[in-house]
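Below: one structure in structure tokens.
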């Protein structure tokens, strides 16, 4: 009954040729259904960001196919919005300018654009900061703008590349709740890459664990239970159990890479 | 980029020049073919015409540069660490910086005559600015931690400049030297073009006046080569001088 | 505009005062350096008579034209070189060849070629200013963060608009630094060319007054030129600060 949104078949990402070839990704098969929140977790070098960039259309796979709602992915576009960890805000535009950028590219007239921008400013709780420049904002606020500017283009799927990795722990928790809240409200499909196992379990309805050398999918876990906003899920037994299982799996990969 | 690939555009341009000049499309007395310039270049070296002016320009440039280094570095370092020196000198150098010192040629000629001294003084003045400014910035950028560490081991203020501030500012100072080297050659040549008194600049102007375009070009090539060689030399020395240097972000 | 305090003028004032004192007391003979008061009087007279203004227009007209050409061609070329490897491979060796040639040394050649009028001077200034602008644009464009470009692509920006809407603004700080260098070079080449051969312009005034022994008039123009250069640089920086108020290191 859940419709397929993103299909990845036999994805391979190879650098170099022959015996010297490095496989950033090998044999990736994954189906993502609409409204899922997929988190991808794994050690450094497992290719999780590479996979995200392939879905985003910034890179082309050496082999295999990717399709979004039945259409092959040919390049970047507003149907796949992306939030990076850093440097995705245009420093020369204000908050309003950054959020409205994608709409401007689509030719949305100014009056309507302003209305939409205001809506997204409210969504990420940045009222009052519309006319500030990125350098005047904290890291957490910058990432809120990054989120708003991506959502404003109404993408079919939201890609997030370790978006909270550069933030302090408290801000990270707050923004995780924000993302969950927005996902519930808009029921978007999300693909979220992280190296933080707790974050992966807190946000993902399905958690993909990857391994390195070659980059591949090791296992996929269904979370099976809900996580509420601001809930102290440390006391949730099911949460703790799942987190431990996944952590052990990831740890095994990290140790295998660093004997 | 492999060397051969880099040479291709140059060869193409020079080849086109040669063809255009020989075909008579442009007046060969305005734009002589490359081959004739090359021949003349060899000639001026062979018959010795160029040696005296070459040494003239070269030693003037180096003398002015040396003087600027000897005066400029200590002054710049002092400005970087002593408030009073900064207060007095920084505005003077800031203000003088945008003035093309070449505008002072007539003044220097009236003071020092038309031969080497006025040119060396002008080169000194022109090179002083980058030497002072780069030394100043280098000294300002020294982290207080180094100074405190030295003070805690009994270093007095004068020795501080010499033993601590100077080595730490060396990267910036050397940037200044690389800039100053190019300036020195440039100013030497321009002052010779404007006020005579021997040197490659005068040789080139005289060649133009007598319609000897080939010699003028040959001199131009020589001037460029000197600038290029000195710059590369400075770069090469930098490697060994600053091998210990760790670039701070 | 005043990111520059009046206090900075004090050392200059002291220097001028010392100059005047030395002249009046006889320590500094008139033949060596005329008193500052004479120079100031000369400057005021020249300003009043409009002589300075007309020559300023002549000089900065040339410099401005050459600079403008270099700016447009330089930015375009730098962008093209950074985005298309073919262009870089073709153009870079030629630029490296021109780089060590002192541009004032080309002035006589351009005069033989384009005559002794404005055209030759504008051409040399344009060539001299071209290099710093191209280099700065090239480096600035190359160092634009890939993530910014991807972020724009993911929001539907076409390849052509990427250059204009993302790459150019992102490279602007570095381009601006190159332009500042180009301004300084323009003035140097301008004065050199006016020394070598000209009948108008500030360089011409300095040269002819100097040759005629009218040192007070010559120095008046030199000081005037220094002030102009200083103001030009300051206005440029102030303008930059406003244009790039978004930049973290608005220097």
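We just call them A, B and C in the order they show up, numbering each chain from 1.
Criterion: a residue touches a chain if its C-beta (ideal position, glycine included) is under 8 Å from a C-beta of that chain, and two chains touch if they have at least 3 such contacts.
This structure is a prediction, so every number in the text was calculated from the model and none was measured.
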For this session: Give me the ID of the chain with the smallest distance between its Cα centroid and the all-protein Cα centroid.
Result: C
Exercise. Ranked by contacting C-beta pairs, which pair of chains comes out on top?
Worked result: B-C
Exercise. Roughly how many whole angstrom separate the Cα centroids of subunit B and subunit C?
Worked result: 19
Exercise. Using the average of all C-alpha atoms in each chain as its centre, how far is it in Å between subunit A and subunit B?
Worked result: 54
Problem set entry | For subunit A paired with subunit C, centre-to-centre distance based on mean C-alpha positions, whole Å | 48
For this session: Could you pull out which subunit B residues touch subunit C in their complex?
Result: 1, 5-10, 13, 30-31, 87-92, 94-100, 102-107, 109-111, 185-186, 189-190, 193-194, 201, 204-205, 208, 213, 216-217, 220, 223-225, 227-228, 231
For this session: Would you mind writing out the residues of subunit A in touch with subunit C in their complex?
Result: 53, 56-58, 75-78, 80-82, 84, 86-88, 90-94, 101-102, 105-106, 133-135, 149-150, 153, 155
Exercise. Contact residues on subunit C for subunit B in the complex?
Worked result: 8-12, 14-15, 32, 89-94, 97, 100-102, 104-109, 112-113, 184, 187-188, 190-192, 195-196, 203, 206-207, 209-211, 213, 215, 218-219, 222, 225-226, 229-230, 232-233
For this session: Would you tell me which residues of subunit C are touching subunit A in their complex?
Result: 145, 147-148, 150-157, 161, 166, 169-170, 172, 244-248
